[in-house]
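A short worksheet on the structure shown next.
Chain naming follows the written order as A, B, C and D, and within any one chain the residues start at number 1.
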Amino acid sequence: MTSAVEFQNVSRHFGQVKAVDGVDLTIAEGSFFAMLGPSGSGKTTCLRLISGFEKPTNGQIRIFGEDVSNTPPHLRNVNTVFQDYALFPHLNVRDNVAYGLMVKGVARGQRHAKAEEMLALVKLDGYGDRKPAQLSGGQRQRVALARALVNEPRVLLLDEPLGALDLKLREAMQDELKALQHRLGLTFVFVTHDQHEALSMADHLAVFNEGRIAQIGTPQDIYDRPATRFVADFVGSSNVLPPALTRAFGGPEQWASLRPEITRLAAAGPVTGTVTALRYLGSGTRVVIRTGETEIAALVPSGQPVPAEGTTTAIAFDPQALHLMGET
Amino acid sequence: MRSDARNDGPSLLLKITAIGGLLFLHLPILFIFLYAFTTEERTYQFPPPGLTTKWFAVAWNRPDIWPPLFLSIKVAAIATVMAMILGTLAAAAMSRARFFGRDQLSLLIILPIALPGVITGMSLRSAFGIMDIPFSTWTIVLGHATFCIVIVYNNAVARMRRLSGGIMEASADLGANSFQTFRYILMPNLGSALLAGGMLAFALSFDEVIVTTFTAGQQSTLPIWMLNELVRPRQRPVTNVVAIVVFAATFVPILIAYYLTRGGSETAGMGK
Amino acid sequence: MKTTRLMATSILALVTGLSPVLAQVTAIGAPEGQVNIVAWPGYIERGETMAEFDWVTKFEEASGCKVNVKTANTSDEMVALMNEGGFDLVTASGDASLRLVAGDRVQPINIDLIPSWSTVDDRLKSAPWHTVDGVHYGVPYMWGPNVLMYNTEVFPEPPTSWNVVFEEMTLPDGKSNKGRVQAYDGPIHVADAAQYLMFHKPELGITSPYELNDEQYKAALDLLRVQRNLTSRYWHDAFIQMDDFKNEGVVASGSWPFQVNLLKGEGQPIASVIPQEGATGWADTTMMHVNAANPNCSYLWMEHSLASNLQSDLSVWFGANPSVPAACTDGRGMQTAEGCTANGLDDFEKIRFWTTPVSNCSQGENVCVPYYRWVSDYIGVIGGR
Amino acid sequence: MPMTTSAILPAKGSADRLTGTFWRRPNLLLLLLVTPPLLWLGVVYLGSLAALLLQSFYSIDEFSGVVKEEFTLKTYAELFRAQNLDIILRTVVMAAAVTLTCAILAFPIAYYAARFAKGHWKAAFYLGVMLPLWSSYLVKVYAWKLILAKEGVLTWAADGTGTGFVIEGLLSVPGLEGSSLSTSPFGTFLVFVYIWLPYMILPMQAALERVPTSMLEASADLGATRRQTFRTVILPLAMPGVIAGSIFTFSLTLGDYIIPQIVGNSARFIGLTVYQLQGTAGNIPLAAAFAVVPIIIMLIYLTLAKRAGAFDAL
């Protein structure tokens, strides 16, 4: 498999602000790649570097092996679904979708036929005559998708594509996007700050923090084996143990993560704490235990006894489940 | 329940003051209308001694009205076109990322209307003098375009601010070059704002007298003609007739400008 | 002296290759087809504002010279337009004409080419505002006095003195003149005050109201400050003054015969008088640009201005006096002997014509207060200082 | 879908190549955009302004009245003579009074138009403000002269209703004396207010229209009375509009030279003085020095206005 997108030591600085700082990245062709991170972590800038709306301060970007340093956005065969969709308000849906073909000089009949085809693909047949203002949020999102796909790009970039949708619609669109990507065999690169979305949709993902990639890998890698405290904190809901606490549990003096579902409450153990909060989740109860400065969450499955708030309890688990990691 | 009053209509006091204010704005216009029909020819007194419609025919047949009228239209048209070009360019530059001197540029654009016209006029006149530029239609245009730029600029900037910023990038992303983006995306979206700005600029130029007196040289625009007529009237009601005709003629473009800009704000909410 | 200057100038003109500065036109050639004139508003009428006032059409038909007019509202504007160039003729008043001569903007006139020159009023033929060292720089056009206009209902007898506008007093109708008199809103009005003082305070030694030393000038300003308290508004254009006499209860003011005639024509109770102190006045001259592109048409126009109905009709139209006295009586236009008398034809000697005050005057070099100070000080007086 | 195209498309024609150049050198495009307006305003306009200001450092020759082109502060010294300070003070006080009155008068109109007028009423309000704005300034001023004259419309109306004493009373106020409203400084003030009022209404209305209704509801929801909502929410949010409008009313009053010539007691304002000094008197240096006054006032004003965010509301 060739790499669709490749970053070699890429930086993008805005004055003193290092939005992207020395990123190395390879996105395989045909993959569904997610860039995850809190806002301001550099993920959107990376996306804009691929589409060409930003130029790297340093480093090199290759798309399908070709250096794009001198290629303006309109000559990159890469298309974007914008966060706010950026539909052209003065054009109807059909002309919005056909826009990419129009500027390439495709004849009217031909490009309209192609646009209808694309609208069918996103299940919006018959909406061609409407103006964007007459569509719902989900429909706009699909128009944006159809518009980006009409040019048959080699990489499709999606900037928080589902951020503006309500929960139900978002879940449905997640499935649809995944199916679409599978069907088209395209490389999808999408940016999100929602770890569930990233974990459920991507086959590979990069976690961004302060302009750098904190970890890159499959969703399992990231979730089960966070490389740093930050990743553990940001992705999923793992407990982060400071080195002293790790040692108290019998591990080396190093930062470690501990998933709540394998954390158990016991009558006795090396570490005890006070129950400070209880949250019923349906499938179980989340119990928060304070020990020293650290709060540790444990997931007690339904049917098992739950300690009362304020009581003291010990924490126990299989030491093998401790995942050791770096400082940041 | 005092707090429920918020959804009530306007209070009576507000209604009276608002409508009273509007009437105040139209009171003298009423008299302009009235005195277009007076039989008194040179100086006015109230109430008018008699009424006649003959001044409309007289105005139509006065050959000295037409050249200033055409000159005013010509000057306003050229000044508006120049202001539209320069105002749009300035607005486009300002809509881009921050750059050095951006604040100074915005101040500079506003300066010609923020400074009194007598200063603009006098400066231009002394500059024409220093550079030995003879007065012509173009010197009038120069003065008018200078203060019309800001009108177009303001309309364009307001519209650009309302436009979803992404659509220009979306266009480039879809393969359009800058010129295609300008033609297919920017112009259709900016067009009505520019047109509205252009109409206001036209009206402003058409009625301008303060700067024009300094830059006109030997030619007279319609307001200069009016000034001469008012200062040395032969048939004073004729100026009122002209004012009424101009008033009626501006009614339609102003209404169009209103609907054009209003339409823009209604679509502004889309995007998100 | 004159010859040397003439020679020097001619040599200079030859050397620099410029058009002859002082060389006069010696013969009228074929008309160029047009003539461009800078004029006061109302001075050149083609029957466009009122059909009966037309002194251009016939000239155009007879000469083949199309008359293009640019109106100017102040003497300064006239000077500026002439400096700008592109004009053949200007109807300059006394406070502009010498500036044009001094600035070499106008050329000497060859009176031999103007047959009607002989009909010009002898009092104007060599008037100092267009004749320098015996050289004529123009053809007299029109002149008039600044009269005292008054309301005949308030003054059953004509006022005999300008004191009604300069000093607080009870008018014949028993009410004070405060708020009911006006003065001209131009610095040249200082001369009116000076003229009043010339009569009433001979100890100041004023010999010309346009040549005032510091002391005389100060006395004139003091008088104007008294006037400020009497005056609600100063007048700067004729029609606003007419409005003020009709609508604002103004009953006396310095004015032009123009307003008097118009108000009388409307049946208003208005009359005018030249009081015992005399009056200031204006005298305009048609002058020719040094680089006039259409000298032949210009000469034809100057002759026309003296020989046609212009002098007569314009004097009716503007309320002024013709430069050709015969125009009052020979029936070439609408003017009559009575009309001329009403316009002040016989008061020539009482009139001190507008000239620009300069610092070098008959009292000596740098003795007199120049015009620019008149301007700023008059602004102060009107502002209440 | 077959992948036939490359990741980089070829440039077709000069438009594509030029776009690429603009992309590679974004400052080039900026430069192209900014150069024409900058040349116009920065060179032609500012250049003219500089040419004018330069002359304020010249002086007029005491004896001949000719402008001496040598650097001196003499003209500025003259500017500070009492009669000239009078003019400046008179003008600034007038401009401030006009601006304040315009703001007060404009508010109900702008507020009503922005909040309550709907559909055709809104269009009617808009036209109601725009039409007086665009109908001939000169004819309006002359119409006012007629309205305010001693034997004019207002006196006629006052005599008819027996309210003549109001006008009499007004004209006896020190500083406003005149034989009628048309010759009183109050008349000048009234006409200024009338003529510039639309320039205050429009930006104010624009600013008020940007106040979301939800914000007013939130305020009411939090228990504020109408008066409190007005004072704490509407007024501060309308402020940029007021300031933007005041730039117009203040500057226009500072520079107008036609209104004080036609209505009022002939006392000079800055605009009229500048006009007459440069025209009638030929005293360009003093005219230029006078012109510096409104320039300085407006620059200070604009700096403050910019800080208040009023430029967006212009």
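Quick note on the criterion: a residue touches a chain if its C-beta (ideal position, glycine included) is under 8 Å from a C-beta of that chain, and two chains touch if they have at least 3 such contacts.
Keep in mind that this is a model prediction, so the values were computed, not measured.
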Reference subunit A; chain at largest CA-centroid distance: C
Subunit A and subunit C: spacing of chain centres that average the CA atoms, whole Å: 89
Centre distance in Å when subunit A and subunit D are each reduced to the mean of their C-alpha atoms: 53
Inter-centroid spacing, subunit D versus subunit C (mean Cα positions, whole Å): 39
Subunit D, residues touching no fewer than two other chains: 9, 16, 19, 22, 146, 149, 151-152
Multi-chain contact residues (two or more partners), subunit A: 52, 72-75, 78
In subunit B, residues with contacts to at least two other chains: 44-46, 172, 175, 177, 180, 230
Contacting chain pairs - touch in the sense defined above: A-B, A-D, B-C, B-D, C-D
Subunit B - residues contacting subunit A, complex: 163-164, 166-167, 169-177, 180, 184-185, 188-189, 267, 270-272
Complex contacts: residues of subunit B adjacent to subunit D: 2-3, 5-6, 9-10, 14-15, 17-18, 21-22, 24-29, 31-32, 35, 44-47, 85-87, 89-90, 92-93, 96, 99, 103, 105-120, 122-124, 126-127, 130, 142, 145-146, 149-150, 154, 172, 175, 177-180, 203, 207, 209-210, 223, 226-227, 230, 239-240, 242-243, 246-247, 250-251, 254-255, 258-259
Contacting residues of subunit B [partner subunit C, same complex]: 42-46, 62-64, 134-135, 217-218, 228, 230-236
Touch list for subunit A against partner subunit B, complex: 51-53, 72-75, 78-80, 82-90, 99-100, 102-104, 132-133, 147-148, 151, 164
Subunit D residues within the subunit A interface of the complex: 1, 3, 5-11, 16, 19-20, 22-24
